[in-house]
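Shared chain: chain A. Partners: chain B in the first complex, chain C in the second.
Right after this comes the complex of A and B.
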C-alpha cells in the first residue's frame, strides 16, 4: 500500500511540476495550453475614421467572432503562437479604426487546439458553437485537417496563417474546399524563387536534399529542381531522407562527395542543423539555399560561424526589412511578447487583414461570397506585400520574398525577389 | 568502392550510437525484465543539461549531464519499484506513460522549437583517408562504446556486484533468498544505464546539436528494436543488435534508389519481422531463451 501511495504521489508531483512550470506566456515557444483568450475592442458605435460618434443612429455593434483553433503548446506552437499574437494586434488595429461594416468589432477567440486530432476537432466544434463565423487553423495541413473539416461542414470560411502547401482549396479538398485558404507562401513559389535566385548567381549545378518528413519540405525542393532546370541549370543529384530516420550523417557525406555549385534544402527540426553544420564540418563550403523553414537563428550552432547560406522568408526579423510597416508591426509584436523566432507571425496579421477586407467587400461573413472575393486577389496589397490568390491557388503566391544572406551566423536582408510563377510540380 | 567504404564508415557511426543506447536498455532489462521505453527521456534530460550549462567548462558540463541522467534514472527506479512483481505488459505500459509524461514536461519547460546545445562541435569534423571521410565523433563513439562494453563485461564477470547482478538477473526471488541485496543490484543497474544515457546524449549532441523534447526518443526506438533483434536475454547480443540496426539503416539507405528512400523504415522493419520470424529469440542467441540474462 505504501509503495502504491509512493508511486502515485510521485506521479502527482511530476504532474504538478509540469503544470506549475508551464505556460510562459511571454515566449513564442511555450504558450499556456488550453487557455481561451479573447481580443476585441469595446463594442461602441464608431465612425469609419475611428472616432466615437454618440449622436449617430444606432448600428449593429455585435462582434464578429473569428475563432482560432490553433496549436499553442505542441509542435506547431513556435509558428502559431506569434501568428496568433500578430492576428490579435491586427484585430485591435482594425477595431481601433472603426471595425468592419460600419462599426462591428472583430473578436479573435482563441483556444489551444494542440496537434492531437481529437482535441483539434473538439476545439473547432467548440468555437463554432460559440458563434465563430470564420475559423483560423494551425499552420500545418495534417494537424489542422480535423478543424478544417468542421469549418467546411459548418460552411464557414477557414483560414490558415501559414500553411505552405497548396493543400488548402478545391484542388485538394474538392469543391467544398473552396472556402479554405492559407496565407502562407506556397511551396511551389518558394522553390521557384530560390531556383531563380540560384541561377542568377551563376550557379550551374545543384544537389537537391529532400526531407520526406513533410509534404511542404518535399514540394519546395521539387519546385526548386523543376525551376532550376527550366532556367538552364542541372540537378546533378537528389539525396533523400525522412526526418528522424537517423541517416542524416550519410546524407551529409553523400552530398559532400558530389561536385556542385549550390545545395538546395528545405528541412527543419533536429536534421537541419545536423545537415548544415555537418556539411560545414566536413569542409564543404558550397552555397546552400533553403526555404522559409530555415528562418530564425535558434538552430545555429554556437562557435561555428555559418556562411554562404541563403534563405527566402516572409519578412526580415533582423531590423533591415525594406517595408517600414513590417518593421513597425514587428516592433509592436516584440514589445508585447518578445521577438518572434521566425516570420510565421506575418501570416496571422495578413490573414486578419484579408478577412476584414472580405467582410467589408461582401457585406457579411457568407463563406462562399468571401471565398469568391479572396479568389480575386491579384497583387492585392496587404501588410506583407502584394498577394495573389485565384480559383486554383488558395495558398498565397506571387509575393515578394525576402532573400536573406547569412554571414558569420548573422542573417541580413539581401534583396526582394518575386518568382516569375510557381513551379509546376504536380 | 570508395562509396561503399564511406557507407560502411557512416554505418559504423550510427551503429555505435545505437549500440550504446541498447547497452543501457539491456542492463536494466537484465536485472528487472523491464523494457524501459522512457530511457529516451533520460538521454533528453542529459542533453538539456548540456544546453543549460553551455557557459560552463566542458568537464563540468559532462559531470552535470551524467549527474542529471543518473538522478533521473534513480527516480525512475523508484517509480518502477512497485512494478517488480507486475506483468511485463504492465511494466511496459508504465514506461510508456513515464516517457510521454516527461516529454510533455520538456515541452512545457523548453517548448518544441529546440535550441542549439553547442557541445564539442569540433568532433564533428573529419579526417580523410583515401577519399574516405571519417568524423572524429565516429572514432570516439566506437572507442567509448567498446570501452563501456568491456568495462561492464569485466564488472559482471569479475566483481561481487557483477555476480549479484547476474544472480538477480537469473532468478530474482531465489537470489534474494540467498542474500543478494536485490534492490541494491537494481539501483546499480539503473545508475549504469543513466551514465550510458548521458554518454549517448553527448555523442548525439555533437552530431545533432538541437535540444528538443524528443531528442532521445528517436534514438531509443531503433535501439529498442535492436535489443529485441539481437536477443534480449544477453547483454552482448542486445548491444550487437543495436549496432546492427544502426548499421543496417545506413546501408539500406545507401542501397535504396534515392526516390525509394522514403520506404527506408518499411524495408528495415520488414527485415526485422523476417529476422524475428526466423529467430524469435534474437539474431545472436542460440536456441531457446537462456536463463542468464547478463
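Right after this comes the complex of A and C.
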C-alpha cells in the first residue's frame, strides 16, 4: 500500500513545502541575498549634502523602495546590468545628499527577472509584495510587459531605464498605462537622427536591414527609411529576417549584391556580428549605420578590424564624451564594477534622478501625481542632459545623440546630433 | 473492476485538486507559480492524448497552444487598446469582444479545427517523418504569427489581456482536460489507436483505420491544446509568439516523457513534478523560505538542476516516473497489476 501511494506521498510533501514557501511575503531587507541586490543608505535623521539645517529632524525616515525586476542573466543583461549599476550609484548620491522628502532614503531592491514571462511576472509580484512603491523593468517592452502589468495593477509608477519604443504610456497601454515611462530614446528618434546623419554625409542610396525579432529593431529601420526618403535619399532595398532564424547568411549575400551608399540596420545578439563581419568578409566596405543596439564592443570579432561603421548612442563609453558629468559618472561606474558593456547605464541613472524629483515635487509616491509631473518634462535638465516627455510620449525624444565612428574596431565620438523630429512611422 | 477503472481518473483528479487547494493557500509570486504549473500541466495532458495513445511524437502541438493564446488574447483585449496598438488587425478582429469563457471556447474550437486541417495531410505519416512534419508545423505557425499583423500582434506583445486564469479556472481547466482525456482513452477508438501504436500491421489487418484514428486523436488533442493556450494567455496577461514556441515545445514533451509517455497518470505526474520543480527553483533563485530556512540559489541554477534531473530520470527510469502505467488501484491484492495505458 505504501509503495502504491509513493507518488501521492511525494507530491503531498512537495505541496506542503510549496505551501510553506508561500506563507511569508515579508522579507528581511537588511540581509541582502546574493540574488537580491539592495542599495540604500541607512535610515538616518541626519540631513546630508546641501542642507545645513540640522534642527528640523525628519519625522519619517523609512526608505522608499524602488523595485527593479530586470534581466541580469539572459539576453537583456548587457543593457540592464549597467543601467542597474548606475541606478545604484544614483540612489547612493541622492541618499548622501539627504534622501527625499526631508530625509527618507531611497532603496533600490533588485531581483533577476530573466526574460521568461512567468519569471518576470513572479519577480514583479515579489517586489511589490516586498513594498516596492516604484518598479523598474527590463529594457525591452515585450520582455518587460508582464512586470509592467503587475505595476499597473498595483497602481505604482513603472519606469524602464532604456526601453526604446513608444510602447510605454497610454498610446499603447490605454489610460491605465499613463503611469508607465521609459528613459530610453524612442526608436523613431534614433532612426531619424541616423537618416539625417547619413544624408549629411552625401549618401544617396540606402539598403535597410530589418530584424523582425523585436519591435524596437523594426521601428528604428522604419524610421530611418521614412526620414532618409523625406530628406531626398532613396531606399533601394529592404532585407528582412527574424533574429535567430538562421537566415542571416542569405541576408548578407542579398545586401552585398545591392548597389548602395549606406546600409542601415538595428539588430543584436548573434545576428549582429554575423551580419556585419559576414558583409566585410565578402569585401563589402559600404558604410553601415546602426542604432544604439550596436553600442559597445562586446560583439566585435577578434582579429577582424571593423571600419566604416557608425552608430548613435546615449553617451560615449570611450573616454571622449563631450559632457564632463558623463565622464565623471562613467569613471565612478567603472571603478566600482568595471566598464559597462553599453551606454544603457545613462537611463538607469536618469530614471532614478527623475523618480526622486517626482517624489519631491508631488510629496510622495502617488503614481498618478508622479506621472503628471513626469509628463511635464520639457527639456528638463537631468544629470546628463535634457529630457523631454509629454502626455503622448512616455519615452524620451529630442535628446542629443552621440554619433560614434568605429575605426579599426575602436569607437570614437564623432559629433552630437539631435533629430529635427521623430520620424512618423505609425 | 469499475472502481479500479474509476481510480485511474480519480487519482489524477485528486492530485490536481490537492495541488490547486494547496496553491490557493499561498500568496504572491508562489500563488502565481502554482497557477502556472496547473496551466502547463493542461498543455501536457493535451499532448498526451495524441502522443500517448498514438505513439507518434508531435513537435507541433504548441502551434495549437499559440493559436489558442492569440485567439483568446485578441478576443478579450480591450477594443480601444487594439485600435491603438493593433490597428492592422482585420476589422472583425478589432471589433471582436468576447467574455473570458467565450474566449476559451473559441480557443478550443480554433485549436481543434487547425489540428484537423494540419492533420489531414500529416497523419498519413509515421515515425520520424511525422515528427519532422509536426516540427514544420510549429515553425510555419510561428512565422505566420510573427509576421502577419492582420491576425495577431506579429512581433509585438499582445495585451493587456484580462488575467482571469485564477485558481478555480486553472484547476477546472486541468480537470476538464483530464476527464476528456480519460473518457477518450476508454473509448473503442482510442483502443484501436493504441493497438496501432503497439503493432500497426496487426491493427491494420484487424480493420483499424490508423489514419482516421490518428486524425481524430490529433484533432481532440489540438482542441485541448487550444484551450490550454487560452488559459495561458489569461494567466500571463500578455503573449508574444516567442513565448509560445520551441522552449515550450521541448519542455512539455520532456515533462510527458519524464512522467511516462503512455499514461494519463504519467502526463499529470510528469507535468506537475517538472513544472512544480521549475517554479520552485525559480522562486529559490530569488530567495525563498522553506520551514524557516532561507534557500537562495544563484541565477541559472534552475535550468542546470532541471536538466540533470530530467537526464537522470531518463537514464535510470527510461519509461518515466510512472513506468507509463495508469495509477494502480490501491486496494488490489498483491501480485495483481492494473493494465497499462
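Here is the rule we go by: the second predicted complex is superposed on the first by the 380 of 426 C-alpha atoms of A that agree within 3 Å, B and C clash if a C-alpha of one lies under 4 Å from a C-alpha of the other, contacts with A are read in each partner's own complex, and residues count from 1 in each chain.
Basically, contacts are C-beta pairs under 8 Å (C-beta built on N, C-alpha and C of every residue); 3 or more make two chains touch, one makes a residue touch a chain.
Everything numeric here is computed off the predicted structure, so don't read it as measured data.
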First (chain B), second (chain C), both or neither touched by A:318: neither
Chain B versus chain C as contact partner of A:271, first or second or both or neither: first
First (chain B), second (chain C), both or neither touched by A:112: second
Partner chain(s) touched by A:149 [first = chain B, second = chain C, both, neither]: second
Which of chain B and chain C A:73 touches, first, second, both or neither: both
Which of chain B and chain C A:126 touches, first, second, both or neither: second
Interface residues of chain A shared between complexes with chain B and chain C: 4, 7, 11, 14-15, 17-19, 21-23, 27, 33, 73, 212, 242
Contact set on chain A toward chain B in their complex: 3-4, 6-7, 10-11, 14-15, 17-19, 21-23, 27-30, 33, 73-78, 212, 237-242, 244-251, 253-254, 256-257, 269-274, 277-278, 281-283, 298-304, 341
Residue ranges of chain C in contact with chain A within the complex: 11, 14-15, 18-19, 22-23, 25-34, 36, 78, 80-81, 84-85, 143, 146-147, 154-157, 159-160, 163, 236-238, 240, 242-243, 269, 272-273, 276, 279-280, 282-283, 285-291, 294, 296-300, 321-322, 327-328, 330
Contact set on chain B toward chain A in their complex: 3, 6-7, 10-11, 13-14, 18, 54, 75, 78-79, 81-82, 101-102, 104-105, 107-116, 118, 121, 124-126, 133, 135, 207-210, 212, 214-215, 218-219, 222, 246, 249-250, 253-254, 258-259, 261-262, 264-265
Of chain A, residues touching chain C in the complex: 1, 4-5, 7-8, 11-12, 14-25, 27, 33-36, 72-73, 111-112, 114, 117-119, 121-123, 125-126, 129, 141-142, 145-146, 149, 152-153, 167, 171-174, 176, 212-215, 218, 242
